[in-house]
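What follows is chain A paired twice: with chain B in the first complex and chain C in the second.
Let's turn to the complex of A and B:
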């Protein structure tokens, strides 16, 4: 029976931990907190993953809670999104003390920044905020960031932004219960699709390793998996807008989490989905292509008639850890991004601790 | 009981979405005492009773039209209710009042109504109703006069003044900036060091603040990026930013107060027309400013905000320079309200002399042909200031930005961001570098560059709407259903095409009436009266950070 065992508990933050994120290539973890700092953690000994130390504390860059932190794809920069409405860009000073310094501050949002994300190429940075907008920035040399677009189509607070693993395609999740997909037409960004279905705030989203599916976590206590159907797809799903693919819900995981789900992570290594939230439990799911003979499945004709894919993906609950952070909400879960330590999962919670878990099959 | 810093609109029966209460912060003067009780007396007045028993009467908090429109914090239709205070309804009621005043022979309640129409509105009607701008102007004159309006004017006329003043203000600032060392004088000899020529923009601009170091260690102290290190003085601040767009002004006042010193102090064409109509035209008719009712027809709603600024209100006569702004779409509504939907059968009248830009047509001999400054549909500020400054400062004549003569015109990144560069003929040394930044994302980039001292420009024409004024929020939509038949880009191109259709080009300084105006009305070019009538100022809005607990998520 696969299960998660706790490898380490990292203490140091003085307030709730909002976000934990792995370095793209090295076993280094960055976490951010209501204590207005980011902490960088590294295993003291590569062979023994149970001992971690905090190697850097990034402070003084923000005046309020740091809500989200993200490594650039080349691992050389960190972006921090804060409730003070700014996004900080940090770099490590190689020649001097190895400390991180804030080399740029992106302003523009009217109020709390909720999430930031780098595109796969590292050329673009997306930020979103309670001001209902999503901003897309282009990274230029000399640590200058130019605003490419301000997208204001969500009708409420935007909670999270996430980029497609390979394409320049952005997804955003909002308090308005929808997920929006954004693309650009020669630097003019537009909303290519809006995903309806959740009955409450969508708190988090993550792309599948292939990029053709998205998993979303919501305050309605369910996870949904959405699949992309390009024009002319074999399932007969109609694509109404000229040349644009549509995204349809192909699975809903309900009855598992007992409260809001705040975070979800789809492993690029083994494909398991980890989710966690206000019920203090980390849960793991596996998503597989549904067998055609599965019960409750619509026939192809029925599907075409409804323009709905029915159930195309089945999910199975694989493991869970209750009280993973004691009686505290869990705000963030993140799988290690590559196969090297693909069995590692990091989590951050309201108790101010960060925990490293290992999936034991 | 504590005083909350936020105010809730409670007696409106409009729906306020649950996540947003009005966040207009009420300023509460903090006293030394912490606890106080609130008492209500029989008349419903509130008193704060302090611990020693003394009572202070509390003022009721109010929200004015300005507070509300400039805030855009809540999205209730209460805002549109307040905006209807400036609409064609007001105009109708004034006209009705006038009729009564005439019938009852009571001149004290009569107000002479003047309507000033913007060239963008003219272009909008021309495109939709398949007329030429001259026909539109003549028909609108007929339409408004048939309602009882006294005079119909064209803001192209006051724009000539705005352009002249902006050009002069720029040259003045440039010279002071060089004198104070804010700017480095360019090398006119042509033997410029290669590094300078290659660096082009950013190398030449040195602002008073020390050049920000590439790596700034901020550990320990919170990043204070709110104010630049050294205060900027308006008289030499570079770049100079155009001031004609109230959407931009309100945004800068609310969110980027440190940008205000850079903004040109010249009034917009609308407000210059306001000053002229109330203080010059009025005196010619022997009327006080409050005996005139001045309406402006504009392509956007933000112009209503501009008209109601306290800077444009006369305390003496208790009247505004522009009493009412209506948009192109509101005028179209007036057509149907008056039962006149077919513009092609409207009557036509000659345009009023005075503040119109018309002359006898030199080509056809017709009595009237439209004439105005060249430049794009957002007023042509960049075009005019560039050719004026080139001549005044460097003695370079014949610069024509429209036709890219004498300057290099480049589209940077997107069509709403253009750069225009004047170089020393031959050497390529940059003399003047101007830009036009339209739309929110480009304003963001501009603001960021100016704030960090990395802006390479001397002058920037800033407009809040993508594609500029021709695409203002109050412009007419194409016939049919919402941009399906005619995509927005094509529609904008059509309206833009009508903007100068049949309009002869004339430089503002060649307008013979202006010289007369300066002499008779303002007493000269740089007189106190000229500054009072043609210049204005800006005020940063205090950013009271909302108590997060008071905001409903």
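Let's turn to the complex of A and C:
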């Protein structure tokens, strides 16, 4: 039976941990907290993965909670999104001190910034906020960031933004129960599709390693998997806007989580989906193609008639850890981004601790 | 005695008697509906004027800022880059499409959101924190 075993518990933050994110190439973890700091944790012993050390504390950059932190794709910079409505860009000093300093502050949001994300190329940064808008910034030289677009189409608080693993395609999740897909036409950004289906706030989203699917986590206690259907797809799904693919729900995981789900992560190493939230449990799922006799599978005629693909993906619960952070809500789960330590999962919770787990098959 | 022709109902009009109370309720209701309709139309017109004014005030503000910035950009191309000027023109184009007459669909709000977004993008490019500030609510209302 596969299960998750706890490798380490990292203490140091003085308030709830909102987000944990892995460095793109090294065994380094960045976490941010209500204590207005970011902590950098490093594995100190290659043979013993239970040994971790906090190597840096990034403080003084924000006046309020830091809600989101993300490494740039080249691992050289960190972006922090804060409730003080700004986004900070941090770089490590090249000299001996190895301290991080804030090299830029992006302003513009009217209130709390909820999430930030770098595109795969590192050329773009997306930020979103309670002011219902998504901002797209272009990274220029000399730590200059130019705002390309302010997208105001969600009707409520935008909780999270996530980029496609390879394309310059952005997805955003909101308190308005929808997920929006954004693309650009020569720096003119627009909403390419709106995904309806969740019955409550969509708290988190993550792209599948292929980029053709998205998993979403919601306050309605379910996870949904959405698939992209390009024009002329074999399922007969209509793509009304010329050349624009359409995203449809192909699976719903319900009856598993007993409260809101706050975070979801789709592993690039082994494809397992990790989710966690207010029921204090980390759950792992495997997504596979649905068997022909699976419930909700539609015939080609039905697919065309209803303009829905039906259930194309089946999910199986693989493992779970109850009370992973004791009686505290879990705010963030993140798989290690590559095969090197693909079995590592990081989590951050309301108890102020960060935990590193290993998947044991 | 001459034959006076008038109609005397041979049957007792029980219906009218039974509905005596309801009848007045009905009359009252009809009067209310008529008065409500008249007042509602007036209120609607007032609200329409107020809303139209609010929307236009905001769009006019953005137009004013954009026009000024355009002139400044043309006078000082060092300070305000070509790219920023492009954004300012794009904002002015959007404002041009804002309807000057009553529209019956709500694309107006979506367009206003686009204009607001574009304005913020331009403000960010010019490194100014300029923002539209709503006028204080009128003390008199209906």
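Note that in this section the second predicted complex is superposed on the first by the 357 of 361 C-alpha atoms of A that agree within 3 Å, B and C clash if a C-alpha of one lies under 4 Å from a C-alpha of the other, contacts with A are read in each partner's own complex, and residues count from 1 in each chain.
In this text, a contact is a pair of C-beta atoms (placed from the backbone, for glycine too) under 8 Å apart; a residue touches a chain by one contact, two chains touch by 3 or more.
Small disclaimer: the values here were computed from a predicted structure and weren't measured.
Placing chain B and chain C on a common chain A by superposition gives a clash between them. With both structures placed on the common chain, the touch criterion links A:224 to neither chain B nor chain C. Look at A:153: by the touch rule set out above, it reaches chain C but stays clear of chain B. In the superposition on chain A, A:164 contacts neither chain B nor chain C.
Residue contacts after overlaying the shared chain place A:257 against neither chain B nor chain C.
Of the two partner chains placed around the shared chain by superposition, chain B and chain C are both touched by A:107.
The larger set of touched chain A residues comes from B, when the choice is between chain B and chain C.
Superposed model on chain A: among 343-351, 433-441, 505-513 or 523-531, the stretch of chain B in collision with chain C is 433-441, the rest showing no clash. For the contact definition in use here, the residues of chain A common to its chain B contact set and its chain C contact set are 107-108, 146-150.
Taken together, the chain A residues at the contact with chain B in this complex read 59-63, 86, 88, 93, 99, 101-103, 105, 107-108, 110, 142-144, 146-150, 156-157, 175, 187-188. On the chain B side of its complex with chain A, the touching residues are 19, 214-223, 225, 255, 413-414, 440-441, 444-445, 448, 454, 553. Looking at the complex, you find that chain A touches chain C at residues 107-108, 133, 146-153. Within the complex formed with chain A, the residues of chain C that make contact are 83, 110, 113-114, 116-118, 120-121, 123-125, 129.
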